[in-house]
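These are the structures, in structure tokens.
Paired with chain B in one complex and with chain C in the other, chain A is shared by the two complexes that follow.
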Partner chain A sequence: MSIEKRKKNAVWRKLKISFFYLLIIFIVFFHLAPFLWQVISSLKNAEEIYSIPVKYFPSSVSWDSYKHLITSPVFLKNFFNSIIISLATTFFCLVFATLSAYSLSRINIKFKNLLQLLLLLACLFPQIIFLVPLYEFMAKFHFINKSFALVLPYVTFSLPLAIWMMAGFFQTIPKELEEQAMIDGFSRMKILWKIILPLSWPALATCAILIFIGPFAWNEFLFALTFMTRDMSRTVPVAIALLSGASMYEVPWSRICAACVLATLPVVIFVVLFQRKIIAGLTRGALKG
Partner chain B sequence: MAKLELKNITKIFDKHVVGLKGLNLEIEDGEFFTILGPSGSGKSTVLRIIAGLEKQNEGDVLIDGMNINDFLPQQRNVSFVFQNYALYPHMNVYENIVVGLRIKGCSSEEIQNRVIEVSKLLEISELLKRKPKALSGGQRQRVALARAIAKRPQIFLLDEPLSNLDALLRERMRTELKLLFKQLKTTVIYVTHDQQEAISLSDRIALIDKGTLKQIGSYEKLYYEPNSLFVASFLGSPHINVLKVDVDQEKFILGSSVWEIHSDYLPRIRNRKKVIMGIRPEDVYVHLVSDKNRFPAKFLEVEKMGKYAVLNLKLHNEIVRAVIEKKLLEGTRKGNDLWINFEEKNLQFFDADSYLSL
Partner chain C sequence: MSGKDISEQKFGLFLILPSLIILGVVALYPLFRNLLLSFMGSDGQFAGLHNFLLLLQDGRFKKSFLNTLLISGISVPIQLSLGLFFAVVLHKKFLGREVVRTAVFLPWALPTAIIAVTWKWIFNDFYGVFNDLLLRLNLINEPLAWLGRPNLAFFCIIFAEVWKCTPFVVVILLAGLQSIPSDLYEAISVDGANAWQNFKLITLPLLKPALLVALIFRSIQTFGIFDSIWILTGGGPGGSTESVSLYIYDTVFRYLKFNYGATLVVFNFVISLTFVLIVYYMFATRRQFEY
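Presenting the complex of A and B:
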């Protein structure tokens, strides 16, 4: 190959790589743009938000919206409610999912496949179908405005996916390990606790994050709106939707954006914390452990 | 140490797949007993039933005369070494060894003693702090054995423990296993599909196929006095030559070759029309020149192995293999005609329909 040709090739390769990077930057920007706009808007003051022509960057950073939010006892309480309810949902969901997934994947039960299919079926019904009956139920047993009113349906609706995920993971753990444990004298529960769970951290973490940020914990709106009727017992998504300005005609965009940014933070923290485990969990199966 | 009996064990999987069919075994105290069979023969199932990991549909398992059918695996006092070793990945070697002992309720002093003992025996003292991930295949094998031995079981159950090792290591571990269990003097039941392992390790071998026991006995017995064609052709490498021959009174006929029968097995086959004749490749003698009672065979192919070579010859329409010394090859080449004969005492005969020995 001549030197010229080789040079040409090198240039071409560099071009390709730069194009590739440009594409990546574009995709990342495309995905993050709404969030970025939110952050920027949350830092603008009320006038700048409505100014025409649009001002892309605030002339002076205003932390007013944030200050307003974190000094508001109602919003703080709502935030706290969200955290408690989401964590409780995640926790109980993991407990039940682990137990049922283990028995589905390892213990011989009759109609195992049917059970698993029924689980999946439960996911298919739209949430709205359950709204009224669930409301009646909660009202009858005086759970309205109590965290339990949300945790119960959240756990129920998150469970099928969690069980499927965990069962899939348990099946990748060699059966011989458990048989060895049985010969060593472990009981079933001990096998689960001492052998299976320590090996399941990646799956548990992945599962936890998917439940936490999934449709039935942190982000849930419909049930939260319906079952929580008092300001102090609401969760963040509903609280944000109900944020209102001084008058009927004023929409406090800046504050809404600030609240959204704040609401995103716990999820980000959660993901960052478990990120390595999650990647391990998602890519498991691609490589033989 | 214990004597183990299996009485009429039948195992059926998924309601109709027969795993084992009326299996009877009696394994003496301190015996190294091998269950040999092709893959899918049900040999691992036998082991799993003895360990209690699988429940037989019929039959009894007895240790020292006591029926243990309803005992859970942990109540049976057996150690199991799995093919993939089944070391707990999240525990280090030391924990892997002691976790079972702790559950059994051994005192910590006792546990210490046993760990020291087995790690000396298997030379794993330096590995105790390591996780299984950081061990080589051979080391994992040792740890799995150490864990099994530390338990001091009545019976060791080993399920193809060497098959995950490379060829060189496998040969070394084979020798080590032999020495190790000779030292321990415990009953060992060893499952393998590798006849070489079976030969070099065991006192007795049970050959099973499709869930039924084919023959049981020492390797010599199985090799020289097989009770069926299956046993004869499973053992030995290269495989025994199998020839379908016609019988006419006192003559064998294979194509155009005819040879007379002299010896004492004549009464057993003279009234038959067809028999299957088996002859081990090492018992086929190859000559460059013709003589009486030698049969012409065409030289097809040769596989060299060390000092010897395996000749593939065409005798009538059948392929016959012969193990010869390599220097014989100097006088001939592929495509030539050679001459073979055999001693009648080395021949084995099987019924043409039932494949049982005559």
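Presenting the complex of A and C:
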């Protein structure tokens, strides 16, 4: 290869790398921009948020919106509702999913196909399909405005992802471990409790995070909108959505933006800390074929 | 069956029982209840196909159905191609890849409703940053009412949906990419294949199962789109962006027509199911849907 050609190649490669990193920067910006804009908007004061042309950086950082929110009893109650409902969902779903996933991956049971079919039904179709009869059900048994009205469907619709993830994890545990234990006279219950569970804590933690940040705990909207009709029973996403529908002179947008930031913060923290594990867990279970 | 097998069976069933019960009550029962409701009048009497005949003449339903088809038809292909592009990029090894993956994954985990509120603020006609950016770049001469005009509102809804849902596609396709053995690429590079041939001859064919899963999930879910439209436009202006889910919600909870709402749900379900079955039998093998 001539020297000139080699030089040309080097330049070409450098160009390619710079272009690649430009692309990467663009991709990151595209995904973070809306969130960053909320943060910036939330730190503007009530006047600056409505300035034209738009100010990209506030002249002074104002925490007023946040102060207002954390002293507002309704917002705190909504936040508290979201936390309680999400934690309850995560806990019950984790228990049900772990038991089912163990059974699915280790014991050749009847009704295996039925369970698979129901899981597919629950994760494939949009919520509106289930909404009307569920509302009827909740109203009939006086669950409207009670946390149970949300925890029950949330646990159910979080199950598919959680079960697939845990089953994917159980398949990575060597069967010989259990066979040896069986020879030693351990019952299945004891194997699950004494051998499998102690091995599973990391997977369980990831699964719990996945349930929490998944579409059906912290983030759910339609059921929460329908089954919670009183201001004090609502969860955060619905409360914020209803605020944003009000006149902008009633509730300044900086306050709505601050509420959005607070409501997305738990999820953002989980994703930033555990992204690697969450994606690994999601992909191990969901797509093994 | 030996005694041990039977006790294994019992134990196995005992373990899945809680999940089976809860799925039966919350996911399966509503299907049958919808079906039952759709054949009844509001008086609780059997009404035959009355509700379904109403549906066929319902102009508002037809409009919302077409809107939903339009939103899905435009946004799902964009989600898939953009998702494929991001996945291929993120599959490469480069400095800071984990940070970029975190950023790309983030929208999936954020609440759809809250992100819709964010977009509502960004697309605001007076104070929104989107108008401001376009004005500064001289792409428009005066602020546009993004959520106030049907075509522009459609754009906003599709934009929000693509932004929020592409990460799901990326995650599924990344998993697919990881399952492709790298020696295949080595083998083909011996024959002098370039990057594009790599992609066309190995990546795309082997990624087909993952693409199919993404296609089915994204189509059905986008067809049920509710949160973002409810918040961004409320179905407006003048019903021009109303989706089927929004119409069903209004039918039941504003006009209190339970039975007709259930009829719309049944119709929606049948359409979705038909779509799944067609795609499934045209392209898929059974294995892909088992964990």
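In this section, the second predicted complex is superposed on the first by the 227 of 289 C-alpha atoms of A that agree within 3 Å, B and C clash if a C-alpha of one lies under 4 Å from a C-alpha of the other, contacts with A are read in each partner's own complex, and residues count from 1 in each chain.
As a working rule, contacts are C-beta pairs under 8 Å (C-beta built on N, C-alpha and C of every residue); 3 or more make two chains touch, one makes a residue touch a chain.
The structure presented is a predicted model; accordingly, all values stated were derived computationally and were not measured.
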item: Which superposed partner A:185 touches (first chain B, second chain C, both, neither); value: first
item: Contact breadth on chain A, by residue count: chain C or chain B; value: C
item: Which superposed partner A:58 touches (first chain B, second chain C, both, neither); value: neither
item: First, second, both or neither for A:103, with chain B first and chain C second; value: second
item: First (chain B), second (chain C), both or neither touched by A:134; value: second
item: Touched partner set for A:219, first chain B, second chain C, both or neither; value: second
item: Footprint overlap on chain A, comparing chain B with chain C; value: none
item: Residue ranges of chain C in contact with chain A within the complex; value: 8-9, 11-13, 15-16, 18-20, 22-31, 33-34, 37, 86, 89, 94, 96, 98-107, 109-122, 124, 126-129, 132, 135-136, 163, 167, 171-172, 174-176, 178-179, 209-210, 213, 216-217, 220-221, 223-227, 230-231, 234, 244-245, 248-249, 252-253, 258, 261-262, 265, 268-269, 272, 276, 287-291
item: Residue numbers on chain A that touch chain B, as the complex places them; value: 174, 176-177, 179-186, 195, 198-199
item: For the chain A and chain C complex, residues of the former touching the latter; value: 20, 23-24, 27-28, 30-32, 34-35, 37-38, 41, 49-54, 95-97, 99-100, 102-104, 107-111, 114-116, 118-122, 124-137, 152-153, 155-157, 159, 163-164, 167-168, 188-189, 213-215, 218-222, 225-226, 236-238, 240-241, 244-245, 253, 256-257, 260, 263-264, 267-268, 270-272, 275-276, 278-279, 282-289
item: Interfacial residue positions of chain B with respect to chain A in the complex; value: 51-53, 72-74, 76, 78-80, 82-84, 86, 88-90, 99-100, 103-104
